[in-house]
Amino acid sequence: MSTDPKFEFLCRMGDNALVLGHRVSEWCGTAPVLEEDIALANMALDLIGQTQLWLGMAGEVEGAGRDADKLAFRRDVWDFRNVLLVEQPNGDFGQTMMRQFLFDAWHLAQLTALIDSSDKEIAAIAEKSAKEVTYHLERSSDTVIGLGDGTEESHRRMQAALDLLWPYVGEMFLGDDVDAAMKDAGIAPDPAILRAGYDQLVRDTLAAATLTKPEDDFAHRGGKSGARHSEHLGHMLTQMQWLQRAYPDATW
Amino acid sequence: MSTDPKFEFLCRMGDNALVLGHRVSEWCGTAPVLEEDIALANMALDLIGQTQLWLGMAGEVEGAGRDADKLAFRRDVWDFRNVLLVEQPNGDFGQTMMRQFLFDAWHLAQLTALIDSSDKEIAAIAEKSAKEVTYHLERSSDTVIGLGDGTEESHRRMQAALDLLWPYVGEMFLGDDVDAAMKDAGIAPDPAILRAGYDQLVRDTLAAATLTKPEDDFAHRGGKSGARHSEHLGHMLTQMQWLQRAYPDATW
Amino acid sequence: MDPEERAFQERINAGGKIEPKDWMPDGYRKNLIRQIGQHAHSEIVGQLPEGNWITRAPTLERKAILLAKVQDEAGHGLYLYCAAETLGVTRDQMTRDLLSGKMKYSSIFNYPTLTWADMGAVGWLVDGAAIMNQVPLQRTSYGPYARAMVRICKEESFHQRQGFDIMMKMAKGTAAQRKMAQDALNRFWFPALMMFGPSDKDSVHSAQSMAWKIKMNTNDELRQKFVDETVPQAEYLGLTIPDETLKFNEETGHYDFAEPDWEEFFQVLKGNGPCNTERLAARNKAWDEGRWVREGLLAHAEKKRSRQMAAE
Amino acid sequence: MDPEERAFQERINAGGKIEPKDWMPDGYRKNLIRQIGQHAHSEIVGQLPEGNWITRAPTLERKAILLAKVQDEAGHGLYLYCAAETLGVTRDQMTRDLLSGKMKYSSIFNYPTLTWADMGAVGWLVDGAAIMNQVPLQRTSYGPYARAMVRICKEESFHQRQGFDIMMKMAKGTAAQRKMAQDALNRFWFPALMMFGPSDKDSVHSAQSMAWKIKMNTNDELRQKFVDETVPQAEYLGLTIPDETLKFNEETGHYDFAEPDWEEFFQVLKGNGPCNTERLAARNKAWDEGRWVREGLLAHAEKKRSRQMAAE
């Protein structure tokens, strides 16, 4: 490990929120109904707020003078630590909500576990975030159920979204040296122990949604380690970081 | 006029080639047939080459140490001088080819006139470019005819493309102070005198394509003056300029 | 005027509010539906030019502020559609009329947003002009509309301050930022003046609407007020309003200023603004691509209902 | 072996070329169609990872070079489809088989391109590995294939030099560029080694293909050759090959190196590479969205023909 595992861990939490928040914000003004525009914006706002907390703390831990904005807007792809799932493109509304559900279910479990972190600052961020994410999960699972058990077309689209995104689920539960260090320090749970509860929740939700979980549990990886993101992240950064890159001396 | 009209004029020629070349290059690897992939790449390559010549000369005229790359990759939207037509999004293949035809027909007339420019360097660039653009126009008009006079669907799509893009035609023929200065110096023609020949060519091509020219000749403007581009250009620049903006000290 | 109409007008004159179940003249109802609907549509379409910069916002805080603002606009749209629905029209019908181009939205949203400074200019000038229009409407005669305006005005003035704050950061920033700020002002000044509509002498609905108190001031009054308030703000920012004729008139106590190009205004109304086609296309695309979602959720709700009934 | 087959094999043994109209065993034809088709598809799909950076190329010259390279790949695809068509299969049929997933393309293109240095690494390593495979195929027994390979190899070695040139610029550039270059090498090293296929002992078609001279060397031979040529180049660039076991073996005169993760190789073949789904989706989308164009141009050509016939 070349860098402090706590810094890595905080970047993982922060980058998940940053990248997913950005993806959700791409919907702005183009959702299927006005109420969804508002709900998606709410979710994005929560995630941006969480980003500020996690990356802010990461910057402090690092102690190199980088704040949350510097971390968000001045790193290139290889320094991002979000899981591959959250950088996947929005696709149609169903794909967006399926991605949200698959992430929310892990996110809430992770945050709930982090409330007991030995690190009080992490525990405090987790507690605040868990409240927001409880609501995210409620909405995203309701939508997955509603569209899965809706019309023939909506069912077909949701099944396609699930098939497309399922290979990105496994990465959230794969542990590595960073996770081991966090576990040993009592800071964060072993990712693997969250899997059983996740599978149960997913099973129940998909059953209600009349959707079929893909059989193959093959898992893409490379996002949370930063070793190999997908091509989508770089394109996102060209937009996200444009102004900071074009006008490095400006304050906004 | 705040800047040298000759510099402005060269930027207009160069930015048209730069922006349209970029748009065409966005098709890379996704054209309807392999032969079109190759042909689109050819066109993009010609336009990139022309960009290097025009913007290279613009940089020399300016004398401020900016070369073609600096001009292409380090200016923000307001400094771009391309007409609005060429920055419009690709849309479907028909829209791309209609945009190409509407531009090529002007471009060839302009370059042909520039061969007689009092400025020998401009005349030389024009002569080289006119050969390439003769071929572009041949291809784009053939495609407009083929798809206009093809199936019901292809006809409908081509008419929609024409209706969408026609309001961007007029700008190419609107003169301003820069054009007046170029005309007075014998460098470039008055844009208005190119219109009659253009209209004739467009009329013949659209007739063969069984397409109907929109009645309203309303013309959007603001591209060639830089006063008001469309929202599309800024998004294009986030991609086009990304590396130069992110790594300003690097050479590539 | 028949007795019913006379009583209606007297109630308005006395400062009373008309409520959904009250009798009202057809023209009053129609005019209100047009006006409130158009206002609602403006909030919806108005999400697009600012939405254009959410993915490029320069800091996390700026992104959050902008996103929250656009979200407020969606909320305003919602209040206003509800107010219009009390007049017997559905949101779906109004949406269809927007998408087909039958109903209008504010022309200002047919102008593009080209730099980050435009997020400042839109807040400062566009929301500023909107507030001029809307503050008096808090006292409009139709109850649901007046109450919606109270909520909206509170949020709008917050947005305007945020916009001014962006302009301030830009105007006091680097040379490039100052250039952006000035460029944004140059592009948005006259379109903002157009937001008050043509001079009253050319305005069709004005007299009756003012009698009904669904329009509270003349277009020219409001435009003058806007200029008078905005010019000192521009001076404070160190920016130049793109009007060489602009001058404080000691006699009238107001600024004299150039009229916007009304030919441009009517072209934009006709559909020839820089972004009319794109804005309507974006709304239509969102609506069309959302159809399966709306249908899916509806089908699910019905299944659920019938399952519950079967269980009872 | 029957006499026809024997004569065929003898002709090959003697270094003769088989031409389209010559008799050939079914297996030879099938294997060639599979091999040439797969190679053609690789050129087509191979446009995508590099196409991903055309809109972000850092200079006009780099953009032109990259675009010309991707265009060459489309051209190679074209030659190869033509060569395969001489064996009695159509380009349309092969395209359908690619799009349905029935025919394969080189697994290397299921890896993403994440930084500009990847344009260097793809040219240097991927084209480099391709050339190792292709140079001997210029002597392959099937005439049209051998001739296509001659043209292709000339261009490929040009591409490889261009890729190495990018790597050089990056490796000798700023700290960030060096980091990008090393990162690209780290990600592409093992996938490049996989391009030669599994060890010969695990390879299905090898023996017969070598007898037929449609495969000229064993996978392991070519892989070793690639490593031996590439290691000094990496050293020259000042980059570290991500293999701690890599070491020059004085006895054999070759480098010893670690095997790639064959489990990953088989997963990618199965469809579980990082980009399999996207690559096939991109090709399907291009094909589906291009249908109206192909149909339109065809309809026009027919109209034109019948108009000409009517005029005669």
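Letters A, B, C and D mark the chains in the order given here, with residues in each chain numbered from 1 onward.
In this text, contacts are C-beta pairs under 8 Å (C-beta built on N, C-alpha and C of every residue); 3 or more make two chains touch, one makes a residue touch a chain.
Here the structure is a predicted model, which means the values were calculated and not measured.
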Joint neighbours of chain D and chain B, given as chain labels: A
Most widely separated chain from chain A, with each centre as the mean of CA atoms: B
More contacts between chains, A-C or A-D: A-C
Chain A-chain C separation of Cα centroids, rounded to whole Å: 35
Cα-centroid distance, chain C relative to chain D, in whole angstrom: 57
Euclidean distance of C-alpha centroids - chain A vs chain B, Å: 42
Residue list for chain B, restricted to those that touch at least two other chains: 76, 238-239, 242
Multi-partner residues of chain C (at least 2 other chains): 56, 176
Category of the chain touch graph - line, ring, star, complete, other: other
Each pair of chains that touches, named by its two labels: A-B, A-C, A-D, B-C, B-D
Chain A-facing residues of chain B, complex: 76, 235, 237-239, 241-242, 245-246, 248
Footprint of chain C on chain A - complex, ascending: 18, 22, 25-26, 28-38, 41-42, 44-45, 48-49, 51-52, 68-69, 72-73, 92-94, 143, 145-147, 149-151, 153-155, 157, 239-240, 242-244, 247, 249-252
Contacting residues of chain B [partner chain C, same complex]: 76-78, 164, 167, 216, 218, 220, 222, 227-231, 233-234, 238
Residue numbers on chain D that touch chain A, as the complex places them: 49, 52, 56, 111-115, 176, 179-180, 183, 187, 267, 272, 274-275, 277-278
Chain B-facing residues of chain D, complex: 44, 47-48, 51, 54-64, 67-68, 70-71, 74-75, 77-78, 81, 116, 166, 169, 173-174, 176-177, 282, 285-287, 289-301, 303
